[in-house]
Amino acid sequence: MIRVSIIGATGYAGAELLRLLYNHPQVQVVHITSESYTGKKISEVYPHLRGLYDQELISMKDMDTIANDSDFVFIGLPHGHAMEVGKALADTNVRIIDLGADYRFDDTDIYEAWYKVAHTHKDAPRVYGLAELYREDIKNAKIIGNAGCYTTASILALAPLVKNEFIEPNTIIVDAKSGTSGSGRSAKQMTHYPELYDNFKAYGVATHRHTPEIEQALGHLCHRKVTLNFTPHLVPMSRGILSTCYANIKQWVTPEMIDKAYTDMYGDEYFIRLLGRGAYPSTKEVRGSNFCDIGWHIDLRTGRIIVLSAIDNLVKGAAGQAIQNFNIACGFDEKTGLDFTPIYP
Amino acid sequence: MIRVSIIGATGYAGAELLRLLYNHPQVQVVHITSESYTGKKISEVYPHLRGLYDQELISMKDMDTIANDSDFVFIGLPHGHAMEVGKALADTNVRIIDLGADYRFDDTDIYEAWYKVAHTHKDAPRVYGLAELYREDIKNAKIIGNAGCYTTASILALAPLVKNEFIEPNTIIVDAKSGTSGSGRSAKQMTHYPELYDNFKAYGVATHRHTPEIEQALGHLCHRKVTLNFTPHLVPMSRGILSTCYANIKQWVTPEMIDKAYTDMYGDEYFIRLLGRGAYPSTKEVRGSNFCDIGWHIDLRTGRIIVLSAIDNLVKGAAGQAIQNFNIACGFDEKTGLDFTPIYP
Amino acid sequence: MIRVSIIGATGYAGAELLRLLYNHPQVQVVHITSESYTGKKISEVYPHLRGLYDQELISMKDMDTIANDSDFVFIGLPHGHAMEVGKALADTNVRIIDLGADYRFDDTDIYEAWYKVAHTHKDAPRVYGLAELYREDIKNAKIIGNAGCYTTASILALAPLVKNEFIEPNTIIVDAKSGTSGSGRSAKQMTHYPELYDNFKAYGVATHRHTPEIEQALGHLCHRKVTLNFTPHLVPMSRGILSTCYANIKQWVTPEMIDKAYTDMYGDEYFIRLLGRGAYPSTKEVRGSNFCDIGWHIDLRTGRIIVLSAIDNLVKGAAGQAIQNFNIACGFDEKTGLDFTPIYP
Amino acid sequence: MIRVSIIGATGYAGAELLRLLYNHPQVQVVHITSESYTGKKISEVYPHLRGLYDQELISMKDMDTIANDSDFVFIGLPHGHAMEVGKALADTNVRIIDLGADYRFDDTDIYEAWYKVAHTHKDAPRVYGLAELYREDIKNAKIIGNAGCYTTASILALAPLVKNEFIEPNTIIVDAKSGTSGSGRSAKQMTHYPELYDNFKAYGVATHRHTPEIEQALGHLCHRKVTLNFTPHLVPMSRGILSTCYANIKQWVTPEMIDKAYTDMYGDEYFIRLLGRGAYPSTKEVRGSNFCDIGWHIDLRTGRIIVLSAIDNLVKGAAGQAIQNFNIACGFDEKTGLDFTPIYP
């Protein structure tokens, strides 16, 4: 059994880790922390866990205890705080999966420019935690910077096209739509029920922090700098992301070549379901699961490809992907604890 | 491994059985049937099952094949049709769990009066499939008439009060609210999205067929005829039932006696979570799980008790309960395949 | 033109007053106040009003200015605060419609017991602002205590039965369901979008403050003390209340007598639409309008009547009713500014 | 008073016309037709209209009666059917506003290619009914082909940029999201409540029929052929469209030039609310109204502009725009019957 602790367990990603780890046969959840709810039971904070988890939340200030008792820690803190944990555990054997942004960037200048905080752990030995693309690196990583939600859906949708240089990278536009759980558990005016209900709108146009993360991963695939537009929108539901991605296809590329590129890259990936050319993924068909469903459409009139991808933002976009990365890092079957169907309808 | 078939697998209850059985360690799903989609793969009808179930749907006319290959059949047909299956399998060793109403009633006259169809299998050896109340009978049953969704929530809420004769049975009023998946998968004007969205209403006042089913089970508990009001409402969501139950408390009954009655009856029940006096169950806190959460409120001003219970109508109100009954019937641990957390938020 | 000011204009009831008064031909909105947003334009607080209202919000501390410039004030403050306005305007000619609870009760002891604040304006000359029942009193009132949302739906549903003594008052149970705008515009954990979305639950069982308000109005109708159960629930939508009311019918009462009682009492009421016996009002069919739709069901098995009523909580349950009362108080046609269709779908 | 009839009054656009015309001071609704509900009252088909419209639905086969009694007809039929009405009324004085697609295209070959039906009224004297762009033509038109819902939002968003040749037309991508009322009132599997609830998906990628309509109007503005991508999505709500439009800005264009272009073109338009650069329109802020809210974002990193526009698809996208066109055609103030606030929250 691997001894796991969760630092910052009372956000939605933390709660989702608890849901998924409950059925992981190789994991023992040792400590869970919260600074706001220290001393409370997790089931008081999340009553849906009554009878399933009755552990008490401790403070992350007890880092020595956590370090001694854990083989792995998952971090569910706001960006800027995971670096502190990373430094505190640097000289221990504890391995880290951070669900935030602190360890996602090769170039910490980019992190600092978009996140507006100083990076204080620039030399951290880290890998980007998007399992399908960075599997080999993840195996022995000390620190895994788990990929973001929008970014996972968008990178997976575009990777075969970028890697094969079938599209012009600088024509890429990603128009993404997410349920509201991505904005966290704190009550805000913007997420007050009557304000968001029966409403649809964009936010963060040209400024959302997942932009450079998508650019970095696609840049790795085509070995040059990629600059693109990413536009997030809020859908009045709780879970789910649909990413609609546009790009200009190079003239020599045929539809069959594109189909083959998807199959070659993802044919053996359990968590990527290729629905094929002309197909429509939907957020409901992946609800609660770690799947990323992908379909693509080729518009001969305009010479563009439109790729659609759907994930559950809290699973493949956060906690599920973290466990997938954990499985890889531990040498377990990647599906361990994640092999169940979406919940429908 | 128990060989299981599902007759009528393309309704929502059938799909939910497939979701839950996917993780049942003792079950092999042998045949699945549909008359509308015969010859199609289940994943064409329910694309969320792609890669998980790719079985072909057969016709239930192949009953001999089904009978030969199965130890158990689950029936997800509209009422009136399960009787035909029951008769066809009468002389086989196949055991049956019917998720519809055909085998729920002791007195088939009541069935015929409320369901407006003739009962053609009156002598069927059957038990009522509400695990917490009929566990012993279920163990060796040939045919289990799985309890209905509204009825499960309502009976479990009221059982300790009725059994202990703490309330006047004929003052019982059950005001229940359900998500829309209970009305099935067929498109109807009433369930057309723009009509139901942003809407709330009652239906079936004084005529809903779950009324006599609740009356029967409560009558068993207090050994006399119970007549009550049951009012269902449609909540503009997909899953979940909240049942709000009212009754006059007898004068000699104290709040502590009531608390104790709930603990005595349900203290050891895994799937019933007693939230206690003054608590508020919510449909979201049981979403996707087999739990029934119960809270109660005593109003000294009016002398009434108000009991609140929440279930997921497709799990504890249908497929989950069926598997719980199946586990009992097979001698397995009752939680087998059902031991996971609700999905939240 | 009547000069109107709104004290506390930035809550949902205040915003709804602005929506409705925009098309009132006899009203000039003079001042609007907010303590949180003093100095801001109302269209900055409510962008949907851009181009329609660009007035600046002032502080209610400028009460002299407000008093001098206004014939009427509508108050949209939390309970406990309207009393201060009422006292400040006591010796002016300004008439008051308070959308809160401060002026709803004959007996301020009841107010103090349920609202947990001292009443400091006990001798205020006030009438209860439920137009259909208190029309004559409203005509010349100085202070109108506008009826609450749940209470309006519930009292109107039951009034003909109670007035004619067709039912046993102490068997009344009101099970009501409301959209979330009733809980106000302040962001709270409970109304955080992902928490309430896809959820249904009760709150305030046996303790909700609308209970004594319903009891008072029904008591007036039958000239004796009424004690009843009122249970509110939150529906995951923004607007709309459905009230499901139960009571035992006296044995000598026939269905025809009941039908006639509704017609006699409401046949000439423009804003009450009698859908008749066996009918199902729905919140969507009154959305945005001042209508109260009523249907009733008689259950001969149990001897009970079940009355269903639907309103828009922000219109007939708040701002629309306030304008209806205002029209009565000014001698205008009651429909002035309120004569439009619901918005559907 | 203008005598108006509605051919095909029982679709959502027809019902919305009835809602809006109820408060139009210059209109008398003479006849309303339905082939499915002939002989029924409209209030039986749409109970929210009880007490407001109790007219009986007649068949459109009574075209002579309709023609004799009407000055204007609004047509709410599926495409392909309005042509028959147009031909039947060709030699009368009756003027026509068709809310469908039959009269929207200059080039009926394009209509036939995208709509897959023969156009049988090719020489009809018709104008495109997008008021802000075609106002002069509308004034004396015999037949007005009312602009589509997605198209209205998209064309209005892009018009100032295309007209001033600030963007490369062939880089335009329109990613649009709509509530479900746009798909009509007929129950379909795709719009069955539990299927669409809690779901988000695209449809009609590269094939949606609003594509050539947007291309035509933008082509008029820049006097050359425009080819673009249009991708519609279904939002799980009833009303509202948000259109997110992308295009490459020409190098010589400054942000200030863009701001000025919007103000020059729309500064005097009542129904277009310019929220400005950096702003976020939302569907809720225009709910129920004829407004089109527009905001734009300039991304200097990518050289693109992102324009966001929000409308209510049944108002500015259908019935409201039809009345705006009607007002222009009759010489009324354009706001007549349409001057009210959105409904919020």
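Per-chain numbering from 1; labels A, B, C and D assigned in written order.
Definition applied: a residue touches a chain if its C-beta (ideal position, glycine included) is under 8 Å from a C-beta of that chain, and two chains touch if they have at least 3 such contacts.
Everything quoted here is computed from the prediction, not taken from an experiment.
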item: Intersection of the contact lists for chain C and chain D; value: A, B
item: Chains touching both chain A and chain B, listed by label; value: C, D
item: Farthest chain (mean CA position) relative to chain A; value: C
item: Chain centre separation in whole Å, for chain C relative to chain A (CA means); value: 46
item: Where chain B and chain C are represented by their mean Cα positions, the distance between them in whole Å; value: 39
item: Set of chain C residues in contact with two or more other chains; value: 12, 179, 181, 185, 194-195, 197-198, 236-239, 284, 287, 345
item: Footprint of chain B on chain D - complex, ascending; value: 12, 179-181, 185-189, 191-198, 236-238
item: Residue ranges of chain A touching chain D (in the complex, touch as defined); value: 170, 173, 175, 177, 179, 194-195, 197-203, 205-206, 227-229, 231, 233, 235-240, 242, 244, 246, 280-284, 287, 297-299, 301-302, 304, 306, 308, 310, 345
item: Residue numbers on chain C that touch chain D, as the complex places them; value: 12, 15, 18-19, 22-23, 46-53, 181, 185, 198, 238-239, 270, 273, 275, 284-288, 291, 293, 339-345
